[in-house]
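Every chain is named by a letter (A, B, C, D, E and F) in the order it is written, and numbering of its residues begins at 1.
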């Protein structure tokens, strides 16, 4: 069960309102790398986890992320406080309000017009938060790695936000939130490596002959090779189809009725490679222009007299 | 700041696992009318609210909804506990696992295969939760009504879930959750009506001449009229265009350069109503069939010899 | 069956083009509180409704909302008429077009570049309309409340739009549309309360012992209590886990094979709380910095000579 | 199997960085008409196609579109190269960075803040790419038409982008990409018309009596009629319900238990057209104002003393 | 302005309820190729269109598609009528209701549980309708092609639905709807070709040297070549990078400060190709297994005593 | 530039068709952890990457993932080959086709009905692929961790799919794909750790006082503590608001006009905690039932005669 304390985990002091800055902050409120995503990620893992130590850690961190969601959301609300009153009370001229809404040069107009200056669960582009952002799959060796990566991403987004504001109170609160992501990443790392083995994740081993191969799939001037594709860790090979030694083609066993249907479909929809049909593009082509629309001659003009012959469909067979 | 207690708000007792039932429960976990939507709805309103009484109420109920999210998510996790172990440890034959995954007849295969039996933030159809479900707009007279409606909807979904299970522990916990929605609706109702006036919402009055009109937009055998479209509340009128007394048409002032561009665009893309062009459909039509594909004669056949005339584009002008 | 009249329900007179203002108007065209959402909401309810009076009302209002969609879409099209010609005919220099597209300071660049100045079914942030906005669930006591709330929200968004423009023709048409939302809300209210009882929605009663309880889930300096959490309507209680009097924990009956799989999974993925494993974070940590990246000493450094002992995995057991 | 060559299909030369222009280019990278959509469209058709000629064509064009995705993505990356370094290294003052992020007047702030200046798979409004953009349905007569239309749309978006930039290198590369769409459209046209018949698509013929009818569904001042609704191709008719000659109503056979449930539902939720219930709107209405909020008298006031009578629910029956 | 007639355009006669079949029908109600998409597509084009003939046609067909949306939605409602009453009135045992909800073997459980048996604006998989399905871009030469393709797709989906039901009334109504798509495609074809020229779409010509080239991007056993990649229409060439004759590489002009930031970023994040760092994977690898998890020796083991040397980070430089 | 080889990277041999199994396979085709997500993830990173070694690796692996997309998509196409012909040619009775479409017990009906048996870019639940799945943010220390986690997740999903099929050819091809994820994870790990330092990601250090703190946010019976929250790595503390030592409250500087508007808004929308207003719920409540709908007395009944007093709004002030 959750309970709430009306004091924030970190005090929020905002010098002056700024709906444009508020909008940028939404990245960590309702954005893909933001606090709602973090809280939901760990909370859902908590519900399904049976390992007592990990379970505890997951709910501790989930609950803290909810508390961070409150801190960043409060920053957004404070920065938007002017916009909130201005639009709802309409104490200024329309032109002034229009300028305030459209002038910030980012998507704060959505927050103001649609959400009344409250903190919406969208990112800074106005895109609604989606659980598609959550990559939990119910396996701890994978999920802990996902958590580690998620904390790393959140740390970076906070860093970028810090770089864009000189309001000292905002900067400080963002600095706290950023720091906690570092600490959380460290916890998830400890949890991952205290489960042994943790690589490869899951239970099934890989196929030995392909687990250490690196395929060079891109020709041309290469950069340096490194430990990610070199001995002793990797066997470096050139791209090759059918590495299983087979044909590289696909096959499937069909029942008789299936085959009959597929064959009929093939006949019904077969293309005639010998035809040179008149096409819709040609019907619409300026005769003074080529296929690109310039003034060259078209190579395959619209049907000429006689060309439709007996087929009546504007196609002609090649000899 | 949020804190958490490891005990649930309501004890969850599940008789036996059932991944199909678990999947249905997801409606109230990650579905549009579920507990995450409720918690997010009230929490974001809390952040922007300045009225002290409403603000308190919003965070109380938001926090309780988070606690309900935990209860329903725990039910899902319990019901899926068999599926979780079965697929990850693969202690049964493949055919058995395939049957377990595909056989429930609803979307539990997504939960098992993609989410490993954990409770995902999706609805029972596997659709990821979206903040598009949240209709908060930052005005209390509107938001409280949205909250009232949301609680009413959640009550109904719980009722439907209760109707579909005979597991007494599940039924009881769902009954608790359903009951709390009733209580929350009542709180939001009290809050709405303790703000006076609350109708119409917002600050601007309507246009007097249209605020009590009911337009009958649908001809045919009508049902009974009722208080929603009758005297004394309503002035019942037949559908009518241009109720302002104007032309019912649209006009806009264009700058000279704008008009020039629009005119040029009109000329460049004008359709010729006098033509009877050969079309792509006709090129592809079986000459033995009519436009519907049956064996009638086509009324506008593919270009015949001579029909393309001097234009060379397969169109002919009508006299 | 629908039919259409080429005259609008309300005449649209736009003084001059303004693609930035056009973009804001999209909130009521393809936005979550806009006219498409309204029309779809009532139309789908109409299809499933069997009560003759409500059914009639739903299709009347649905049809009027479609007519409003036409009015607001026409406003968008008029305001964008300059942009439409300008970009397609390219009669200005590139720099001028770039400025026109990017300079409005809101998302009108999407409408111009991607939709050619036509009215797209997006909100003012360019987010495509989604049926996730529609909260119909097929129960009249819930759906009518949803409709009431939806009309209240739409009224507010129109009010905000009216506050942002001084074009008298636009203001007047928006005023009409706003007024009709007031009237529609009143009709839905009448319809709700002419169905008795309408509360609680649905058929199942709540659990008596929890239907009048208000839980105080948030500690700290409270605002005033009010009728939403006070006697006589409510029994005010402090937050409490396991209000059912049980353990507050979750349990599930498992089949033997399920238990075996779960146990094996637990063993396979158990974390070792006694270890202090070297982690990826430590491998990547600047040795001159602490865990936060500052210059303090790390408390759990990367593996030192000998530390990996016999396990070879860089973890060490605590004594 | 795919392989890659480190050289682009077309050389990209960008004169100077411009994160605002970069953002517009995203339309053809991660936008609905962009190259990822094109590549995915043809690639998925390739996988299911059995006609050898079409199959070849589909993979050739799919692979080229992937190569175009690389070209347009490279343009985005080059235009954003300044933004990428600026924000991550924070070598400028916060105010400067804030201005750079918010000042472009379009959505480049999302690309910078959330994606670090890399090319994200979003459109120019920051909306993530969705496979909902792909309209492939697995029938060649439909899919080839979809491909033709998709190429036409992509051509137009490129044209609009070309109109907005005067960087010669960008203009040239865009010109190449635009030209290839023309060529691809021509290939798909040839492929469509070399499959005979291709209209109507599919196997079932239409109903002869309705395949050539044009219904005039919109009254009012009409534009000119043309070949799309005139003889000889079309039989022009006025809108008419129940064109089958039936009742125009819906019916369904119900089992006895189904009917019983439906009847009970109808009774439980019936509206009382004779009532004039007090409503929530009236409870919240300023008594000094009418239903629109102006100062007129309300026609249906809140419950007066005695009005609730014996029902106790604030409704009164009409005589 | 729209008006409505209570009679359907085509009478709907359903023999018996079938919630599974109802669910399939949703493809043409709220699916990507369904009637809402069609109506929205043409309606939004109508609003921006200035050509009088096309404008008329667009609103006629849009209005008819709305009427078709009503027909297919009515079919869904009739087929679901049993499910609607059953779940809301709960007149059967829980196990029976559970079976009815989960047993249809497709996604009808979503329609029943979440939407109460009403027709939701989702496809048959429960995915909410999205305006991302609409590909209108505001250019008639592109949009008419999109419309043609859309009608072709809708025709096919109807055909598939017809193939799956033997209810004669449903079959007949679907046949009508399918036939109308054929007729609409024919109208759009006529409208496209009565605008001359219509190819290439738009105003800018292509680059002559690339408008007739077909690139063979896929090696291996080819199918037959056809008119889509052969003379006289096409110049068939092998895949080739840098077809412009340039380097095939990308370049951008950077300001001095931009270059400084990029350089600093490069240094800060450079990878060391000479290192062979210990990795997280190795920390977590079972020492008895190789990198794939089998029992072979790992080629790059976790840090051995002494290997971390003076760096203390588990990496060693190659000589 | 990409090129293609018509042979697959791994031969696909499918014993017999199975549209249900095909549907499960979609998880790795168009699902969140599937091959399209992988390819797009690395490809977009490649475009923005400047480090030569990493850049090479990213395009090699991106290209291989595209080749895997082809393998898994080919498996889907083969498994669906029967369904493809069956539905399009309709060679069986309707009832049989209906059973084939609805009977698999998972979402294969979407693939068959909407996509004609081709491999759609959806997951196994029919949800369209979304770029919201891609978590690239343009910082290598974060992105490489995201890549590592993504490969771990993909490995697990393949393992689950392998557990569900006994078709040896399918099993083998899936085994290859699973193995390659292991190898790719290893490459990304090497790349991450060959960039030093890589922790914390980014450039800004954390706040020293919070970087090693673990907050215990969840009361109740705890599991064991472990290295993730213990000395020496962590300073374990109890949850505490305002850890900065401040008030834990939020403040913002408002301009005079902003304050005036906010104050006016507060007054206009203030709730009256002393009132006990009659509410909509009470208007709709069955007088014989309590607030939960049972037969108890309601504590706050609907307005009684006289109760509305002089206000006329059904509210009464408390003494």
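Keep this in mind: contacts are C-beta pairs under 8 Å (C-beta built on N, C-alpha and C of every residue); 3 or more make two chains touch, one makes a residue touch a chain.
Keep in mind that this is a model prediction, so the values were computed, not measured.
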Quiz item: Is the contact between subunit B and subunit E built from the same residue numbers on each copy (over half shared) or from different ones (under half shared)?
Solution: different
Quiz item: By how many degrees does subunit B turn when fitted onto subunit D using C-alpha atoms, rounded in steps of 5?
Solution: 180
Quiz prompt | Per Cα centroids, the chain farthest from subunit B | solution = A
Practice problem: If we define chain centres by averaging CA atoms, which chain lands farthest from subunit C? Would you check? | Solution: E
Self-check item: Centroid distance [mean C-alpha coordinates] between subunit C and subunit B, Å
Solution: 10
Quiz item: Which whole number of Å gives the spacing of the CA centres of subunit A and subunit C?
Solution: 19
Exercise. Quick one: report the Å distance separating subunit A from subunit B, using the average Cα coordinate of each chain.
Key: 22
Practice problem: Pull out every residue in subunit B that's touching 2 or more other chains. | Solution: 1-9, 32-33, 51, 53-54, 59-60, 63, 67, 74, 77, 84, 88-90, 104-105, 107, 114, 116, 122, 125-128, 130, 132, 137, 139, 141, 148, 156-157, 179, 182-183, 185-186, 189-197, 199-200, 202-204, 206-207, 210-212, 217-218, 222, 224-227, 233-234, 239, 241, 248, 262, 265, 268, 271-273, 275-285, 291-293, 311, 313-315
Quiz item: Viewed as a graph of touching chains, is the assembly arranged as a line, ring, star, complete set, or other?
Solution: complete
Quiz prompt | Interfacial residue positions of subunit E with respect to subunit A in the complex | solution = 141, 189, 192-193, 195-200, 204-208, 210-212, 220, 224-227, 231-234, 241, 271-277, 280-286, 289-294, 296, 299-300
Exercise. Would you mind writing out the residues of subunit A in touch with subunit D in their complex?
Key: 20-21, 23-24, 27, 31-33, 104-107, 123-127, 156-157, 160-161, 163-166, 217-222, 239, 241, 248, 262, 265-266, 268-273, 275-282, 291-293, 311, 313-315
Quiz item: Considering the complex alone, what residue numbers of subunit B touch subunit C?
Solution: 5-17, 32-33, 51-57, 59-61, 63-64, 67, 74-75, 77-79, 81-82, 84-86, 88-89, 91-92, 130, 132-133, 135, 137, 139, 141-142, 145-146, 148-150, 152-153, 155-157, 159, 162, 172, 175-176, 178-180, 182-183, 185-188, 190-191, 194, 199-204, 206-207, 210-218, 222-229, 233-234, 239-244, 246-255, 257-258, 260-262, 264-265, 268
Quiz item: For subunit A, which residues are in contact with subunit C within the complex?
Solution: 1-7, 50-51, 53-54, 87-88, 90, 93-95, 97-98, 101-105, 107, 109-110, 112-114, 116, 122, 125-128, 139-141, 148, 179, 182-183, 185-186, 189-197, 203
Quiz item: Considering the complex alone, what residue numbers of subunit C touch subunit E?
Solution: 1-9, 30, 36, 40, 43-45, 47-48, 59-60, 62-63, 66-67, 69-70, 73-74, 76-77, 80, 84, 88-90, 114-122, 128-132, 134, 136-139, 202-203, 277-280, 283-285, 287, 301-306, 308, 311-315
